[in-house]
Amino acid sequence: MTMEQHKIDEHNHQHIKAHQRRFDFVAEDVKDLDGVMQKLQAFNIAIPSWALGTGGTRFGRFSGGGEPRSLEEKIADVGMIHALNRSSNSISLHIPWDIPKDADAIKAEAKHYGLRFDAVNSNTFQDQKDASLSYKYGSLHHSDKAVRKQAVEHNIEVIKYGVELGSNALSVWLSDGSNFPGQLNFRKAFQNTLESLQEIYEALPDDWKVWIEYKPFEPNFYSTTIGDWGQSHLLASKLGKKALTLVDLGHHLPNTNIEQIVSLLLMEEKLAGFHFNDSKYGDDDLTVGSINPYQLFLIFNELVEGMDARGLNHATGIGWMIDASHNVKDPIEDLLQSVEAIKIAYAQALLVDTAALAAAQQGNDVAKAQEVLQAAYRTDVRPLIAEARLREGGALDPIKAFREQEVRAGLIKQRGEKTVATGL
Amino acid sequence: MTMEQHKIDEHNHQHIKAHQRRFDFVAEDVKDLDGVMQKLQAFNIAIPSWALGTGGTRFGRFSGGGEPRSLEEKIADVGMIHALNRSSNSISLHIPWDIPKDADAIKAEAKHYGLRFDAVNSNTFQDQKDASLSYKYGSLHHSDKAVRKQAVEHNIEVIKYGVELGSNALSVWLSDGSNFPGQLNFRKAFQNTLESLQEIYEALPDDWKVWIEYKPFEPNFYSTTIGDWGQSHLLASKLGKKALTLVDLGHHLPNTNIEQIVSLLLMEEKLAGFHFNDSKYGDDDLTVGSINPYQLFLIFNELVEGMDARGLNHATGIGWMIDASHNVKDPIEDLLQSVEAIKIAYAQALLVDTAALAAAQQGNDVAKAQEVLQAAYRTDVRPLIAEARLREGGALDPIKAFREQEVRAGLIKQRGEKTVATGL
Amino acid sequence: MTMEQHKIDEHNHQHIKAHQRRFDFVAEDVKDLDGVMQKLQAFNIAIPSWALGTGGTRFGRFSGGGEPRSLEEKIADVGMIHALNRSSNSISLHIPWDIPKDADAIKAEAKHYGLRFDAVNSNTFQDQKDASLSYKYGSLHHSDKAVRKQAVEHNIEVIKYGVELGSNALSVWLSDGSNFPGQLNFRKAFQNTLESLQEIYEALPDDWKVWIEYKPFEPNFYSTTIGDWGQSHLLASKLGKKALTLVDLGHHLPNTNIEQIVSLLLMEEKLAGFHFNDSKYGDDDLTVGSINPYQLFLIFNELVEGMDARGLNHATGIGWMIDASHNVKDPIEDLLQSVEAIKIAYAQALLVDTAALAAAQQGNDVAKAQEVLQAAYRTDVRPLIAEARLREGGALDPIKAFREQEVRAGLIKQRGEKTVATGL
Amino acid sequence: MTMEQHKIDEHNHQHIKAHQRRFDFVAEDVKDLDGVMQKLQAFNIAIPSWALGTGGTRFGRFSGGGEPRSLEEKIADVGMIHALNRSSNSISLHIPWDIPKDADAIKAEAKHYGLRFDAVNSNTFQDQKDASLSYKYGSLHHSDKAVRKQAVEHNIEVIKYGVELGSNALSVWLSDGSNFPGQLNFRKAFQNTLESLQEIYEALPDDWKVWIEYKPFEPNFYSTTIGDWGQSHLLASKLGKKALTLVDLGHHLPNTNIEQIVSLLLMEEKLAGFHFNDSKYGDDDLTVGSINPYQLFLIFNELVEGMDARGLNHATGIGWMIDASHNVKDPIEDLLQSVEAIKIAYAQALLVDTAALAAAQQGNDVAKAQEVLQAAYRTDVRPLIAEARLREGGALDPIKAFREQEVRAGLIKQRGEKTVATGL
């Protein structure tokens, strides 16, 4: 199913008048309107291939209808999202769930929707049917050299797929860890991981990066071998310039100040990018901005400040991706909500009066610093986002357009009521 | 596979001398040795039918070999555990994973191993293949009366199975909750739950109880409709005397003082019993006593004190059950470790000098109170547990005996390498 | 120092044009504008007498200048706040820090600023110089009857002061708890507390309430005798209709769903009211809305829904008070920011499309429910709050006005650079 | 007050028979008894000078009697502890609370009790009376260069005092951080801190170290500038070989796996040592081993393994210190309990069958690894600790001896009922 442009145009036609009034109002107070709009229009967030189907928990999974049955259908779903919001121009594949049989054909398919391929993701947290060795006790950190070798080779194979698709980064998330005290020698586990990553690092093409994710718990519940930013950063430092730390918002202990970590990684030139989601308890993988939108804004405030300080291009300087699980919402609607929340936080961060903030910080005028930040946060920037979409050819209200066009009903008709996306 | 008594006797014969030395040493300092030994010998912890197979997480599951393929094989595995430790004389069934086709035959089978049936557990957190309505958005709290009705009827059917097997309690754990702000009207969800529970309550036989479990999160990640002890207690109070609150050790927010909750529920005559496990982060479902054994001791200290204050029989006054997930250990070994940890905590609690503790508490001699508690906790009570096992016909060292007899290899030979227990 | 009306008028005159444009814009989309404005204008939040000075931690305290040295000066500071925001028309006294020597004179002083007296607060968490018995090991829960008696009598005395001032509620926060396992018999501590509260309850005038606060930790770090809402609710239920549970936003374990607790307490007719503040880790006592403003909105969403369901008057149906510690900001500015944040959350909650939300909830349209809530939350309601202030005679921008008038410099000149508010 | 040796001898004479029986029993199973006893006898933990008085919270402080009024009396109290347990042969001073007026006299005084001086501690978290600039907004991270300079100079002065006393390490804990989003530029705060530390580092004598402590929150409640081990490690790496990371057990977010951090810091040769205490919620500063003794054992298990892997002397390879707050116990008794808990954990770790553990780890025999660890942990090692004390001239039961001799009563008689230790 494709979202034809004329349907989007009709939708926009219906809502343009109300939109214009709102946009004019908020635009009047934006200092560098052109600059802000250009940045908003240029900003895209990658969609992971595994996020198009309904997710589940260890207790069960309740299918939705019309889920994509193949890589092609996943690409079509990202295409649908991008047609609606013009902010999701890439897809991040997960190997082996999404092995492209014919890379050229898949690239053409993606190009048809205006999409390219973001970082590729390896999987050593599950055993594949034909695997000779098991990852039950880990992969890159495994006490058995043969298992480490199998995992290293898998990662190198993933790079190969990525090269064919035009990606330029390998994203590594390890579930390696332990469930019980005594299970692991932490030092050896770290050193095995380092050695394995070094072999993968050697296989990286010149213009590639490897992104090293960290996570404190789940699916292991006593330790994780890359458990926090400090451990990821230590590995990345030992590996070299092409190794960077990836931040998944849900991968932190309760109350962690994530924005401070983001600031320091940027300072150290070691921030790879983000897996966006929201959470209340652990790696809940909820819709971005659904639980704590102010924290998201604070993170973007650090990003904008830190990227500007280093002269990075906001759109391409680091990697932006959603990583959420859609258990009770239509996955496409959920992703549209997530992208909207990210762009709202980004727009608010762009509105921060940086000179006033810097002055307040220098003078320790704490109340004023809060006033400056919250003035930006409390601004209703939705019309700016809508305008950016409009200018790029997207819908003023993507979810409304999605519902008006009865897209899900169409997908169910086409794909069936009980489908399961690969990898779920 | 059955553990023949003569093999246990041989094992004990090998180790009896070393054991006797240790037992004599520790026994010398136990004031009421006969009373303590009688209590330890009488103490049993139920094994849930779903714990005999390898567990998993949302990221995957790594099978072990020789897992039970049927209810009969699950009973055999509990029989094996009980033969070894003489402390696991009952099994708790989960419906519909373990529907007994012929109740009398199953009861006879259990009796053969010296087992009876503990509380029965309903399941409204997954959709069954033939279900007409889905629990995707909850069961007893559902906004649709028809879904609530289906869930109520399922619970009543579970009671029926339990009556046939000689159980006398229904254990209700609801995953009902919400993933996002706005999804639920909390008040209506609570009132729907209450109304549903009232209908189930009406169906309870005279000598039955209903145990109401609480849990703050997972599989829902914004709210759970029975989220804490206060909510469970409020429901139980409104329902009546047969409704009680069940405590699962993993179902608490970080840093919760569980022992205080246990004390107050006992005081209010509303403590149903326990689902034992251990955890570091959330509902990790790890081996009991593997993460924080002192907390387990503190809970038992409240239990012994509170049950004695009410004159309850320790063995039968409340319900004792393990509820853990065995992802990286042999499930039978894991359960043997859990039972051992529980009995150690119980024995330590029995050794507390209650008069000295009460005096220290009355006089606010805080250092002394700690000395009294830790004197009991630091005592090596393993010989007391071993002796209790010995007197009941079990093995001095159950895991060693299990390994010496190569039980798992026998089970794999009999059942196969790649089996999956029902419900996993 | 008094804020003269003409200065506020001048300030408003300067900003009225810009304000009018913003107000007109947002007002156009508000359905029941008159109703909303009336509610916003009627809404007031009490200021605690201990919040006018600079707060500290156990590591130290860094004084600000011009802090109030007497009850009269505290009243003057609240008067200043109320003159600016017209939303802080009452003061909540803490005994013995603020014992009014001449109740009539103090009442007249307060009246002069348009203020009345909110709930009175007792203090049994510190020893007073002339105290015969110590609260080192607790007060209402103490193992020694004589200490309990002293604490009960203090509370009754506080009621007496409150009656003289025209208050109608006693707010009880106990620090009673334990630092170490074994220190307390939890059951006896609870029963002693209940017995003590019953004696205080007996002394309540007919139209009075007693508000029972809960808190999980600090200043005791193992247990608190009224540690969670369940324990407070259990006490309040046993006491009777005049006993209610008070919610302090900072008094929860990490990740607690506070809004659900609020909803259930309202349902049970047991919600006394709030101590507002914000926090990231524990009882951090930060400016309201400075850390997680969305959570504040979600709480107000439950409040508006729940109060409407019971037909309660929003302004007077329950108690509203700030309870924060101003360690690095000017206390008056900090309080102005807190009141603003509360009113913003309240206004956003008033804008929720309740019919659409109820329909989405009934139909389990989770994405839609989120859209409805966030549509209200993302609205920039600051012009509505400013307009409400304007209509009541307050300043369009209270902090700006406070700074323009150099109020703090005036207070320092009048009171000195190194003053310490009583109780700090 | 001094504990005369003959009183200790009398105490030991009374208890020697019972002790001998217990020691003989446990010693029989210890493989390298001589080696273990030598290590236990050599192991000492420093006492901080601020721990001899009663501690408090921001809500108040309840004095005990007989607290030391001077540095000399603090040394006498540590001398008392050391006489009783022969495991506390050093004292860690806090400047400016404990400025030694005559270094030689103080050294002689300490020597009289068999004590030396451990690391010296600077204080830039409070303003001293004569300070020209305030640390209200931080010290080494301050936006104002002049404040940073004052703080750097203070640290250099502390080194000077330390040199005079024979210390060889400076321990730096900064409270620098922020209470509100926007207050700080995280990057600049980090860089200012680094620059300040570099100046201090330059002033270190050749054989000195600087220990950099981290803490996630309190007294700042939004961010801390050295907030986690990763930030401390990053600073220490940039500074050089003499800079190391100090671990305070209470300075972690909920559920942090501290033992893993310890293992990795040891691996990186960056572990300075420990501030021991225990906690349930935050930096509760409770008696070591009072809340989670198993975690303490797991930490020591990593320490023993990691120090042995690097060939470090257990007693001197890293720094051992208690850092707790004694709010409801006699400080001397509290410290005796803490030292006992540390030595128990250490002794248990020495009993771990390292060969069996390494084999289980290599073979992923998780159940066996747990059996090995818990076999050591469940052993009652108290007789080994008592024997080590006995051989060094200490008391078999230090707290009992302390109470029998009515030491506190003597101190009260000598020093008075209402004294306050300097710095409290």
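We just call them A, B, C and D in the order they show up, numbering each chain from 1.
Here is the rule we use: a residue touches a chain if its C-beta (ideal position, glycine included) is under 8 Å from a C-beta of that chain, and two chains touch if they have at least 3 such contacts.
Being a predicted model, the structure only gives us computed values, none of them experimental.
Looking at chain A and chain B, the chains in contact with each of them are C, D. Note on interfaces A-C and B-C: more C-beta pairs are in contact across B-C. Inter-chain centre distance (chain A to chain C, centres taken as mean C-alpha positions): 39 Å.
Inter-chain spacing, taken between the CA centroids of chain B and chain C, is 43 Å.
Residues of chain A in contact with two or more other chains: 136-137, 179-181, 183, 216-217, 222, 254-255, 257, 280-281, 287, 290-291, 294, 328-329, 364, 366, 370.
The touch graph of these protein chains is complete, with an edge between every pair of chains. By the touch rule above, chain D contacts chain C in their complex via residues 55-60, 62, 125-127, 134-137, 175, 179-181, 183, 216-219, 221-222, 254, 279-282, 284-287, 290-291, 327-329.
Touching chain A in their complex are the following residues of chain C: 25, 254-255, 257, 280-281, 287, 289-295, 328-330, 333-334, 337, 344, 364, 366-367, 370-371, 374, 377-380, 382, 399. Remark: chain D residues 136-137, 143, 178-188, 190-191, 216-217, 222-223, 227-231, 233-234, 253-257, 259-260, 263-264, 266-268, 294, 298, 301-302, 305-306, 309, 357-358, 360-364, 366, 369-370, 372-373 touch chain A in the complex.
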